[in-house]
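To keep things simple, chains are lettered A, B and C as they appear, and every chain counts its residues starting from 1.
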Amino acid sequence: MSPLPPSESVLFAIYLVAITAEAMSGALAAGRRDMDIFGVVVIAFVAALGGGTIRDLILGRFPIGWTQHPEYVYIVITAGLLTTVVAPFMQNLHRMFLVLDAMGLVAFSLIGCSVAMQMEYATVVVIMAGMTTGICGGILRDVLCAQVPVVFRRELYASVSLAVCGLFLVLHAQGVDADLNTAISFAAGLTLRLLAIWRRWSLPVFSYQDRWE
Amino acid sequence: MSPLPPSESVLFAIYLVAITAEAMSGALAAGRRDMDIFGVVVIAFVAALGGGTIRDLILGRFPIGWTQHPEYVYIVITAGLLTTVVAPFMQNLHRMFLVLDAMGLVAFSLIGCSVAMQMEYATVVVIMAGMTTGICGGILRDVLCAQVPVVFRRELYASVSLAVCGLFLVLHAQGVDADLNTAISFAAGLTLRLLAIWRRWSLPVFSYQDRWE
Amino acid sequence: MSPLPPSESVLFAIYLVAITAEAMSGALAAGRRDMDIFGVVVIAFVAALGGGTIRDLILGRFPIGWTQHPEYVYIVITAGLLTTVVAPFMQNLHRMFLVLDAMGLVAFSLIGCSVAMQMEYATVVVIMAGMTTGICGGILRDVLCAQVPVVFRRELYASVSLAVCGLFLVLHAQGVDADLNTAISFAAGLTLRLLAIWRRWSLPVFSYQDRWE
């Protein structure tokens, strides 16, 4: 039920920062589409808790995480509503927001891996559970805003999630202590993401045009 | 398995009206996108039964409601196909359609609350189950038609669902008899929705433009 | 866990062809939207395994099929990546691709029916499980690419799935041996799909324009 054992309380604190940051990203996306206050709250919710919901559905893990933690729902709704108030001032907070979002991506990925690992799924499923938790919230947010998900186009966003999951699994296989493993993977993932933003790293793009379909 | 106990048979009758109305709304949305007959049936199905499906998935309630009630599927398919025949005459039925749709919204919301309450979920989850049942069919319909869900932009649509769920829970906490509670909540919700349409009430909109993302 | 009993090993071989073909269709769709390599892999995955995932969710069948078969995931990822390499040469492979895609549609539909039948769902649910498996991968692919699903507009695509499921159920009710039934239904469905492509058969379209919603 609880997404994390007590020993991972640092990751849990980061998780709270992460759902707040993702809820804010959802509220801003809703604002770009001129949605009403209710739409803002829904998109904030989906962006913050949608990835974990899809992960739990795919892993067959019931009850779904947030249904047992009403406090997450309140945090996310509050963050979404506050964003509509502070958004005019956020131009100056741009960099802080990117860092929070990067922390969210990495924390979500590690939590997703942990959950699937505890359920003893195969390695590839563990990685996919981590990535699902990390990036599906953003995908759902963009689909509900009727646009092609930025996750599929932005600098190394999903690749960072993949790298974090891979590193976490490798260290785990090496017998590294869980807390230490979490700390190392988190730091490495955050560094990679911030470097990717700063240096504008990106994956090769596949462009394809045809006339026959 | 059965979505409602026998004593709620009035609500059940309204439920049948509701899935019919939502199936029609789905068929019309498909028609606006020039879909073929099959697309019409799928969108009708999703609009009418998609909200309850997502609710059941999130609550971990298997088997999913409609899989145990093939008659719902037949009603929805029939309503979708009939709509393609009667649509040219529906301009004159516009007001009747809005009333049916409003009844559907309120009935779906109350049914969703009941289901989650019987499963003993926390209050916030009960409310979200009601709203999911009430509005997710419309969201799925619009996503499949590649447009921003009108639910996030139309006059008090989702807010009515929230108000109905809240009233139902408050009356329940006061010990009001379930049937009476359902009747009061239904009447209040329907009145609110029709007033909102008539007076063009709407929530404040959050518009946000930026250059940095 | 295993999607098919050993006696259906021919259908299983076709299934492997099918997920490869659908993964390729996903990669091409991603390429049309200029996605990066990661986006290509995700869309390939969703197009190939998304239909079965939704079927398993709706039927409450856990664990989800592919989570127990990591090899499917590897096949799909490989097919998606290879497509980015061979796409420039695929104009000449257009017809072969359409045949593979048709085989996939029919095989997915038959597998979906079998799964629901083994779980003893009602007839209409069995048919819907078959169609969900057959066409939902393509629907998810198109939604993630922010376009109206071609399934709802292309020549008899979904109708072929419906016809295959119907024939399979009728022959099953007549007591036809499962392997023979599979072979007949597969051949009939493939023929129908290829004829529909060749003769440009299509369903009537429902076009609807209004000013009041």
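Methods note: contacts are C-beta pairs under 8 Å (C-beta built on N, C-alpha and C of every residue); 3 or more make two chains touch, one makes a residue touch a chain.
Bear in mind the structure is a predicted one, so any value in this text is a computation, not a measurement.
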item	value
Superposition rotation for chain A onto chain B, Cα-based, multiple of 5°	120
Interface residue overlap between copies chain B and chain C, same or different (over half shared)	different
Centre distance in Å when chain B and chain C are each reduced to the mean of their C-alpha atoms	29
Chain C residues counted as touching two or more neighbouring chains	57, 143, 146
Touch list for chain A against partner chain B, complex	27-28, 30-40, 42-43, 53, 57, 62-64, 67-68, 70, 73-74, 84, 87, 90-91, 94, 143-146
Chain B contact footprint on chain C (complex, rising order)	57-60, 121-125, 128, 139, 143, 146-149, 151-153, 158-159, 162, 202-210, 212-213
